[in-house]
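As structure tokens, here come the structures.
What follows is a pair of complexes built around subunit A, which joins subunit B in one and subunit C in the other.
Moving on, here comes the complex of A and B:
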């Protein structure tokens, strides 16, 4: 499938989803409302994740889809993904500036020059608020920590592809501990992820992957990430067989976040971290693609996995 | 290539760059050690590393690798092509020397 074919396949599926009422367009590519049925699938899948991961006893944390700008700056996200970041700006001028803003707005000119950065940045991945939070508690206990998060995330990458939204939800489990604890966690979830998604009757594959790092430095980081097999993705075809969509990801950060936030293990070493992320919208889109738009007519085994 | 070795300006002002056209192995290695000390963020002193020592074992991280690449490009006035932007290129001082030597030879040819 060439580039034009793959874009038209994405556009066609987006249009089908909109026509079926599952996605509600807003006029911005990658920004959609969701119907009740779409949300029900997301909720049932969220519950399924808990069925597989809940017994591990993760500490639940729920953050709004934004984080402290200071944490964002410390995360070095801007080194790797400046093109994806979304910072929140607000008006901070006086009355004169306000009049100027309104005049510019009326004249169809750029009205944003008096907008200034607030202390809040959009969450780029659900786990970002977790690392500084864990760091602030001091050295890890012997058993390390396991955290459960669920958040809308923002990435500035407008696309016609319904599976590449600008605002989407990510459920994650995050393991913080010794290299052994963290690697064991990732191995467990690679196995569980395959079994869990297999139970949903969708074709899938797991493959080595890389993040979309920016620029030439990014090429190097991507190559290193692949060489070291730090990231795996569980792929399901949605609009293309040749380029299936990453629906789950399994990431080993080594001691990157441990160093950044000075997270120490019980024996004083630098903590390692890993996370498994579930792309909620992508999983829903894959299920709708493979089982149809009417959940009442999904295969009985899939319905029983999701609805019990 | 960013090198600027036209006959017109190949004089004294460019002496620093010209000197790299055929540096000895020892000179290259010393320069690489200097860049490592500035940009590598290693846990050990680069002067204590043998040319074949594994830099990742010595504490070179992925992000450290990026800083090292940029530092080498500035020092030797070269640009690493995409096919060299991987861990193997920067795994030891000797590997870096070979890569830089290849780029310098390529630029001089």
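Moving on, here comes the complex of A and C:
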């Protein structure tokens, strides 16, 4: 399948989803409302993740879809992914400035130039608020920490691919501890992820992957990430067999966040971290692709896994 | 209670919530993570709203926490509330611009100036994406439409009052139809809202209210809104008896959105709209305030209403 075929397959699937009422267009590529049925699939999958991960006793934290800008600046996200980040800006003027804003808006000019950056930025990945939160609690206990998060995330990458949304939801488990604790967590979830998604009757593969680092220097970072097998993805074909979509990811950050946030293990070492992320919309889109748009007619074993 | 007492009561309650682990500070006023228990209360209240409203057969739509900027510009929100809006901006430069961004960041200079407005803005109220969506479907059916939404909303108003968050969740029912249909909907929910919140064992009052319109011209709009009784709020004391907190709101927009979006009733008239909004965090904060931080020890009737 060449690039054009791939793009037209994405557009065709998006159109089908819209026609079926599962996605609600908003006039912006990658920004969609969802129907009640779409949401129910997301909720049922979310509950399934809890079934597989719940016994581990993770601490539940739920953050809004934005971060403290100061923490974001310290996170080094801007080094690697400046093109994906979203900063939230606001009007800071008086009534005179307000009249000028409205005049520009009415005349079709750019009124956004005078907007001023606020203290918050869009959350780029659900785990970002967790590291400063864990750091603020002081050294880790012996057993390390395990956190459960779920958040809307923003990435500025408008696309007609329904599986590449600008705003999407990510559930994550995040492990913080010694290298051994963290590697064991990732191995466990690589196995669980395969079993869990297998129970949903979708074709899947797990492969080494890399993040979309920016620029030429980014190519080196990507290669390094692959060579060291720091990132794996669980891939499911949605609009292409050749380029299946990453629906889960398994990330080992080594001591990157431990260093950045000065998180220490019980014995004083720099903490290592890993996370497993579940792309909620992507999993729903994969299920609709493989089992059809009417959940009542999904295969009985899949319905039983999701609806019990 | 004077202003200083009121502010210190807000700060005291926020500190208590943080100490109890219900809110997780992020270093920004009005931006908090929530514990699993806080979230469970939000989820149970959300389910209670469905118990009261579910039989009406509303169409469920779930939008992400951002809007098409074009629709937002057309909504006239910037006329009334420019100070509360949040626009999402992104980096649009090349590798050279990226180096400059990183240099500024490192030197502690403002790196946000060159961020460029994207096509999306933060959702200011959960109902905003609904009007263009309904408009796109053409004239209303005889019975009008009833929509059920739930969304994170952003308002740029940093505050130490835990009940005034910058990012918070709002569930809404939105009625679109003839003036009679819409007024009947609002009357129904004024009654239901009082009964439903009464069943949660919190002191409450319903009163005429106004939105926080910007500037001197805004004062006139506020007065007009009050004179015409277009907005009611269900108030519950959280950190102040004298200034109770609006936890639900009941809004009649007359034909404002119908005109803006050209929504027509079945007989060709301009549609009227109304909505009832449930402030999810505020209701949770009111429940924690009046029943304590340990939900297991809440009064049995309240537990029974929420947990069945």
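One rule holds in what follows: the second predicted complex is superposed on the first by the 308 of 308 C-alpha atoms of A that agree within 3 Å, B and C clash if a C-alpha of one lies under 4 Å from a C-alpha of the other, contacts with A are read in each partner's own complex, and residues count from 1 in each chain.
Criterion: a contact is a pair of C-beta atoms (placed from the backbone, for glycine too) under 8 Å apart; a residue touches a chain by one contact, two chains touch by 3 or more.
Source: prediction; values computed, not measured.
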- [ ] May I ask you to decide whether A:79 touches subunit B, subunit C, both, or neither, giving the answer as first, second, both or neither?
- [x] both
Open item on the list: For the overlaid complexes, name the partner, subunit B or subunit C, with more touching residues on subunit A.
Closed with: C
- [ ] Could you say whether A:285 touches subunit B, subunit C, both of them, or neither, answering first, second, both or neither?
- [x] neither
Open item on the list: One more residue to check, A:33. First (subunit B), second (subunit C), both or neither?
Closed with: second
- [ ] Kindly classify A:263 by the partners it touches after superposition: subunit B alone (first), subunit C alone (second), both, or neither?
- [x] neither
Open item on the list: Output check: A:219 vs subunit B and subunit C. Expected answer is one of first, second, both, neither. What do you get?
Closed with: first
Open item on the list: If we overlay the two complexes on their shared chain A, which of subunit B and subunit C does A:117 touch? Say first, second, both or neither.
Closed with: second
Open item on the list: Contact-wise, after the overlay, does A:227 reach subunit B, subunit C, both or neither (first, second, both, neither)?
Closed with: first
- [ ] Please write out, lowest number first, the residues of subunit A touched by both subunit B and subunit C across the two complexes.
- [x] 79, 216
TODO: Report the residues of subunit C in contact with subunit A in the complex, numbered from low to high.
DONE: 24, 26-28, 31-36, 38-39, 59-71, 73, 78-79, 82-91, 93, 95, 98, 101-102, 105, 110-112, 115, 117-120, 122, 129, 132-133, 148, 152, 154, 156, 158, 165-168, 214-216
- [ ] Would you mind writing out the residues of subunit B in touch with subunit A in their complex?
- [x] 61-63, 65-66, 69-70, 80, 82, 85-88
Task: Parts of subunit A lying in touch with subunit B, wherever the complex brings them together - done: 76, 79, 216-217, 219-221, 223-225, 227-228, 254, 256, 259
